């Protein structure tokens, strides 16, 4: 298992389908939008200036939208994962 | 539903009409001004250095003016939305 | 009505007369000085690190001097306004 | 009257004489040194992170030395003044 | 023995095998990913603004993933080590 | 008298002799080292974030070593002085 | 004696031997590694935001490893010394 440090979050990227049902390739501009992912592990939180540890807002299993090009790719046990900071997460899909 | 994180706000952009009633296209300079939008979701707030969570000043439904070119575009359930930070909001139209 | 957010202030610019009484155009250097304006709306204040909200020093109706080229222009109900941060205000004319 | 905001100070510049008694023009290097001024108005102080307002060290009437090229020139009621931050004041002449 | 200062950590890099079992050299892109290491010593922690010392999250013996190209190489008692800051550690392998 | 503001210190530079006893001019590299000075006045201290005023570590009369090229030259009552921040002082010679 | 200010430390550099026993000059890459030094004096500590003074982790006599190219060279009583900040010290050799 991978346990991220601090305010980091590990996600599995949900690849946007590059072809529509009818097989039309989407134009590039459509692919510049932020990406969707699924949270697979969260860090123990961020240390505030007063010494308290602030837990993350997201939880394992959350479906999220995050800034494209953020984070570091890592392959672990055959899976391609991405380690990002929680601040790169824009919103949770509920 | 999309729930923004931290001090982020999700808005629907209110497109300025590019033609006046008489059909005259406005000059570019007029379009460089800030944009109008409607708040559709707000984050739970910003964590202060003392650990308290500061709620946002804007609420869902507010009509706002925000800095052009700020934020990240996202398409969700067929709608074009923009995720911005509250600090990019200049004023609320009341 | 426009309600600015945080430590922002909305002002009406008081245009310096570009011609003197005798019709002489002032040289450019004279126009590089800071501008005068009238405060038409003030934000609710700046959040300090300890969570308190610090009210602004200026009030609606104040005549102020502010740094030229600061802020964002906005046209609202036919009036040309400028949204600036209070820190761009140099002094109040009393 | 002009009331500066925050930690700002308004000064009248004391022009260094460019010619010595014997009429010799001083070399440029001599003019690169900091300038002397007289404080004509002081702001109400700087807000600290704990919300307290820290009064300025200088007072109206003080003769000071300040960093050349700092501040913003303003003409008010026919006088050429300079609005600077207190941090641009190097020392008080006592 | 080497005792790192503050929030620093000393690690032994676990070299990724550059050839697969069948002898095929992996493409460069695969080598751009973060590196694996083993923690051999940890600093006494980071001083917070309130004066408290925050202990590190990682411990001696932990297997970690860290940002490539971070830290300073040092050879000590014949071993090649790397001194990095804890903030360069992405995750712990458990 | 000159009273420096805040964490500033006024010093008289102690010129390193550019010629040795035998008249040999020292190479340039030797002159790139930090300079020696004598403290002639100290500011009342630096305001901390909690509002307390932290007195300076150096005192009038101290012989110090400071970073070359730091500070602002000023001529006062015929003496060439240098106004520097205490953080530019490297060490006190005791 | 030289007493460093604040979080500064004075060290004597321990020169790495540039030739091995057999007289072979080490390649440049080997000399890019951090340097070893011996602490000869330490400052009284760093002032935290809450006004407390945090003592340094290193002590006079410690053998340390520090970042190459950090600090300021000074010659004092015929000895070549280096004044660095404690944050440039990577580890203590115990």
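Each chain gets a letter, A, B, C, D, E, F and G, in the order it is written, and its residues are counted from 1.
Everything below uses one rule, namely that contacts are C-beta pairs under 8 Å (C-beta built on N, C-alpha and C of every residue); 3 or more make two chains touch, one makes a residue touch a chain.
Remember, predicted model here, so these are calculated numbers, not experimental data.
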Rounded to the nearest Å, the gap between Cα centres of chain A and chain G is 42
Could you state the distance in Å from the CA-based centre of chain D to that of chain E?
52
Can you compute the centre-to-centre distance for chain F and chain G, using the mean CA position of each chain? Integer Å is fine.
23
Counting only residues that touch at least two other chains, what does the list for chain A look like?
49-50
Touch-based graph of the chains, sorted into line, ring, star, complete or other:
ring
Can you give me the ring order of the chains, beginning with chain F and going next to chain G?
F, G, E, A, B, C, D
Which stretch or stretches of chain C touch chain B in the complex?
1-6, 8, 10, 41, 44, 47, 49-51, 72-76, 83
Sort out for me which residues of chain C touch chain D in the complex.
33-34, 48-50, 52, 54, 57-58, 65, 67, 86-87, 89-94
